[in-house]
Amino acid sequence: MSTTLDLYKMYETLSAEERQIWQSAQNFVEKEFMPSIKEHHRNATFPAEIIPTLGKLGFLGSQLPEEYGCAGVNNRSYGLIMQELERGDSSLRSVASVQGALVMYPIWRYGSEEQKKHWLPQLASGQKIGCFGLTEPDFGSNPSGMLTTAKPHKDGYLINGSKMWITNGSIADVAVVWAKLDGKIHGFLVPKETPGFTSTEVKGKFSLRASVTSELSFDDCFIPKNNILPEGRGLKAPLSCLSQARYGIAWGAIGSALATYHCALEYSQTRIQFGKPIASFQLIQQQLVTMASDITHAQLLAFRLAELKDNGEFHPVMISLAKRNNVSMALNTARSARNILAANGIVDEYPIMRHLMNLETVITYEGTHEIHTLILGQHLTGVSAFE
Amino acid sequence: MSTTLDLYKMYETLSAEERQIWQSAQNFVEKEFMPSIKEHHRNATFPAEIIPTLGKLGFLGSQLPEEYGCAGVNNRSYGLIMQELERGDSSLRSVASVQGALVMYPIWRYGSEEQKKHWLPQLASGQKIGCFGLTEPDFGSNPSGMLTTAKPHKDGYLINGSKMWITNGSIADVAVVWAKLDGKIHGFLVPKETPGFTSTEVKGKFSLRASVTSELSFDDCFIPKNNILPEGRGLKAPLSCLSQARYGIAWGAIGSALATYHCALEYSQTRIQFGKPIASFQLIQQQLVTMASDITHAQLLAFRLAELKDNGEFHPVMISLAKRNNVSMALNTARSARNILAANGIVDEYPIMRHLMNLETVITYEGTHEIHTLILGQHLTGVSAFE
Amino acid sequence: MSTTLDLYKMYETLSAEERQIWQSAQNFVEKEFMPSIKEHHRNATFPAEIIPTLGKLGFLGSQLPEEYGCAGVNNRSYGLIMQELERGDSSLRSVASVQGALVMYPIWRYGSEEQKKHWLPQLASGQKIGCFGLTEPDFGSNPSGMLTTAKPHKDGYLINGSKMWITNGSIADVAVVWAKLDGKIHGFLVPKETPGFTSTEVKGKFSLRASVTSELSFDDCFIPKNNILPEGRGLKAPLSCLSQARYGIAWGAIGSALATYHCALEYSQTRIQFGKPIASFQLIQQQLVTMASDITHAQLLAFRLAELKDNGEFHPVMISLAKRNNVSMALNTARSARNILAANGIVDEYPIMRHLMNLETVITYEGTHEIHTLILGQHLTGVSAFE
Amino acid sequence: MSTTLDLYKMYETLSAEERQIWQSAQNFVEKEFMPSIKEHHRNATFPAEIIPTLGKLGFLGSQLPEEYGCAGVNNRSYGLIMQELERGDSSLRSVASVQGALVMYPIWRYGSEEQKKHWLPQLASGQKIGCFGLTEPDFGSNPSGMLTTAKPHKDGYLINGSKMWITNGSIADVAVVWAKLDGKIHGFLVPKETPGFTSTEVKGKFSLRASVTSELSFDDCFIPKNNILPEGRGLKAPLSCLSQARYGIAWGAIGSALATYHCALEYSQTRIQFGKPIASFQLIQQQLVTMASDITHAQLLAFRLAELKDNGEFHPVMISLAKRNNVSMALNTARSARNILAANGIVDEYPIMRHLMNLETVITYEGTHEIHTLILGQHLTGVSAFE
């Protein structure tokens, strides 16, 4: 099993079942994902073969109920899965987050029984892939300004507009697309083959290279009436999905940080300069201690959040705090790790530069660091400073 | 009751008894301490009258057993008391820390039954005051180098040497003095009136002004045989006391941070510039959010530490992590708060500058930030970088 | 002469005359100011006896022309004087800044010939003391919102309002007061004895304790017509004075940093822990190197600014950049120095805590760090973000 | 011409000739380099065709004398060239630095007249490419421990050992190799075709992708007697080359920062969110202001360093200070720029992610940040903390 820093003995509090899920995620990542990630990252390709495996292991929409083919695990287990996937690569966790939190979750929460029965089992098993279309080229931090519209047309709707930075966009079988219908945001299920729906892969990414990012276009794209998500309305519907995803990111970031921290620690213990391991230099220890201390904070946030979420005592600002802090922590940890490895830190023989590059996306998507600052600021002060 | 930031609902997990102790500490600080602290801070005087009150409330050595007149509370309650005392002033918490963790604790842990029965009830009630003599003028971060010696002499020992930066030194009825006997560190109880024992108050402090700091001198100071602490030997004895005190500091720092955070928050909500409360400016929100986020980390560390300590699963490096982090957090919080108050931040109409000044000591004593970095670094890497 | 860090050999470029002025400022500070500063800081008293000496040495309004009794030195010399005064104490530099940049400068630039002839020589010699009334209790960062008014009355004006945080307010013979006359800001000379003009000293300051700070009140305070400054109108008049003062602060901050840096360096070279000087530890060297590197930046900014100012190529945003950077640098330097001295850093046997406390004011007054950020931000982006 | 931030009007002090060289470098980068860099970076290929152009423009060893075919420019011009090359890409500046400072400089300074006449004109024109072999796999920060040896053999030497992280290693016609001869470090010219000399390109770099990095191996590699550099001996010879290169890096880093700063500034002025350009948000302005302020420091350091170097008043610690500061500044600037561009910051449509990745090498090579900290620390304190 992978080593996990556990200065405050949080992982010792896991139940046997949680521990088993955790181990299963570690085994999967180590044995089935790690051997090929270097090549995928180099070539900017997506390891599509892993999706059914993720499904088989119950890692897609794992927190959703078993009646729809999902694993129905608690929030701590869900978090541990995300941690281990992102210890592998942020792309891997992203794919699972999109599928589980941004596609399956809205179908489960806002969909009709028919939609749930149709889609959830196929998505849970990884037979089908989904994507989530909220962000638009000109509306990143301010999704309520979206221009994509749905207009009633015959027995359905015509969707027009475009969506940007869509993970899995070009490989998805179905897109959950958010569009304004009579000025109000609604979610729509848009199958891949729908006429008028096209996607273009974003090229030249130097972050999350092992995942697919796309632009989606909708040009008089007709979808039938029962493809609307009947129960979600207004911006709070997609925002509730983002909360689920951000929760997963808060855990995932710990995984990334564990990967770079342990790599740097081991490197420092074996790399000899001036006749001794560089781990014995104060300037190196200082960096390792800051990493370990910050990882410990992140773990405490994540474990407590799991508990609050399981108890239904959870508020979105708690997640903003954890997403903002933990990703920033992981990025700083990757940067320090890169520094400790010196020249070796820039080659993909080590995972560090890959994580460092990935986290530049992770700190931006699902609410930038600044946006979460302002969400928290509004909560604390009672005053909005967004505009 | 004082407002307490609780973004992760930690204080909601308190038991009724813990909550009552917490409230009692808050009441004491608000009603009996706060009215005079401004004057004491201005004049650099110690509010000696509070010590018996601290005793009556059970705040001196509160975690020690009731059979010796102590309150016998759990570590969470002990922590909450420290939090509230330091919300008042770091001096107040320091006085309680010294009495409880550095005087009563070693007597309880390393003393004879006779010593315990004699001293603990008097110290718990605040009838007697103690101090802790470990640090020497030339041995701050490296106490094992101490020069103070105890030599067998008749039916006792002759102590020679000096100790520096001793809180309560000039007002203590008894000093727990650490000295080398045959090259090995031992603890000795030195009553105030012992011939050859003198103390000099340090003047010109601009930090912890409301407490007394002294230099102690021992010049052929004879103490009888039964004043040696029989069960403690070697540096690990005083270090175990420091662990107790540092645990209290980790909680106390949260109290200081709550004081400056809430002051800055309220100020920002009422101070109008450019036609609106400054709380509505992004640059102010960013500072408040960082404070609140960092306070939340500190709270999670402290609550978890209490649990680990109650369960006996606790390791000194955990405390190093919490002391290092929480005090640094409190200092940064005070600095940001000072900044938010602008000119008003420098006058003692507000508590902020006082906390800012105090924390410059708190970050230094009981192991500087750097020393805790190296303790943690050694634990993580397995290599010492002290020398 | 005091030691001055000069890694980029800037001080070697000084002319003989500049060097002589520099030395004269150093001598004054070391011999006439330093011996008493500890006591004044402890007691929060102002060493009034130094003002005539400052005058005699040409340090009051030193950059103004000789025809009005001033020294007429260039901007480099003016800067060096400010550097050395603040190496002593920020209070000392503040007093000189107020007199020179905020009282004499507006009289010289916006006053009538009669006003100049009357006031400048007396102020230059230190026979008279002045103060500058711009900030109001409710208008710190936004002076244009001021409520103080001047209304035409008989052969003069009635001034009503109040001013806050006025250095030298209670000891000044004359106040340069900014008030709105028909909605437009004008400067007025208000002699101390004017009926309706009162001042109250601010108590409980824990910053700039060796200078006097006051609140000024104007209650139907009549001043004759020829006490208005005829040539200044609008906010840009007082802002131009602030530019002069901020220029001096940019230099002064270097002086403060030199004081704390050299103290910490020397301490680290003589303080032995673990058998060697603490200067030999990487964690200490890192702090010293950051200090020295940052001081070097500040010196380059200040020297270049002097050149640009002498050449008339100077723009206020340059000064905002230097004030913002150099004071922040000095504050960080003081904090690191405090840290290096550990416990010794909090007592006034060393100058560090005093500088640390002072700089909390210096970073706030004459435009807070945030306000200078927004001034620069507007300049760089072309968009205002003040409101 | 490219836009250059010049808040302190440093570039206005350039002579006509310097300005012309500067412009010529800008033109070259914009017209001949930028059009292909995106592809080279994507594909990790080196644009070999630019080397002769660099030669023609006088950018290779530009500070060396005209008698050897070099441009013989002053240090300011040399710096400006480096700035503009690195504004393009750190790879480009690296190639020029290696050729000029690490190959031509040691030949010029330590070579025989014959070596100079033979190599310098060909290297200056870009007909031949050189590389510099100092670092070894196990000796990065501590080159004096090198294991590569030269042994006298017949009329020459046998070289054995290996060198790592060698820019241009696989494309070089000649390597300047440092090896121990009788325990003392000497430089040797090793032509590419020498039997026993092989090079292997490092693959999987995610930094400086547009340049070639190699490992060199020497296996009983015989070179004739007159291939030793006769005038250099001891570690100070290669260190003097590093000083030349680091000087160029200090300037180059400014170029990188200008590229990312201007990109972020323009983006912020045109990107609309919440109905206005993001440049109007305080959190964005704060980042831009920090960048601009830090770039200004770096410029002042570089300009002053040029002057000191031209005057022969230059000391290596000055360069350590500038290399350490300016590269760290450029990296922070790239990170902030990436942040301001949000999602757009990770694609190579913009130059930011490329610079961010490059700078992870630049902060490491030619002395890591930490090594320069310790060089400066030793200079300031008089005590070494390397070991």
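Every chain is named by a letter (A, B, C and D) in the order it is written, and numbering of its residues begins at 1.
The definition used in the following text is that a residue touches a chain if its C-beta (ideal position, glycine included) is under 8 Å from a C-beta of that chain, and two chains touch if they have at least 3 such contacts.
Everything numeric here is computed off the predicted structure, so don't read it as measured data.
Visitor: Which chain pair shares more contacting C-beta pairs: A-C, or B-C?
Guide: By the number of C-beta pairs in contact, the winner is B-C.
Visitor: At the chain C/chain D interface, shared numbers over all numbers used: above half (same) or below half (different)?
Guide: Both copies, chain C as well as chain D, present the same residues to each other, with over half of the numbers appearing on both sides.
Visitor: Using mean CA coordinates as chain centres, what's the gap between chain A and chain C in Å?
Guide: 52
Visitor: When the centre of a chain is set as the mean of its C-alpha atoms, what distance in Å lies between chain C and chain D?
Guide: Roughly 42 Å, centre to centre.
Visitor: Which integer distance in Å separates the CA centroid of chain B from that of chain C?
Guide: Those two chain centres are 38 Å apart.
Visitor: Any chance you could list the residues of chain A touching two or more other chains?
Guide: 276, 281-283, 286, 373-374
Visitor: Can you name the residues of chain A that touch chain C in the complex?
Guide: Per the touch definition, chain A meets chain C at residues 281-283, 286.
Visitor: For chain B, which residues are in contact with chain A within the complex?
Guide: Within the complex, chain B touches chain A at residues 7-10, 265, 268-269, 276-277, 279-282, 285-286, 288-289, 292-293, 296-297, 300-301, 304-305, 308, 313, 317-318, 321, 324-325, 373-374, 376-378, 380-385.
Visitor: Would you tell me which residues of chain D are touching chain A in their complex?
Guide: 38, 42, 135, 138-142, 145, 164-165, 202-208, 272-276, 281, 283-284, 338-339, 342-343, 345-349, 353-354, 356-357, 360-361, 363-365, 368-370, 373-374, 386-387
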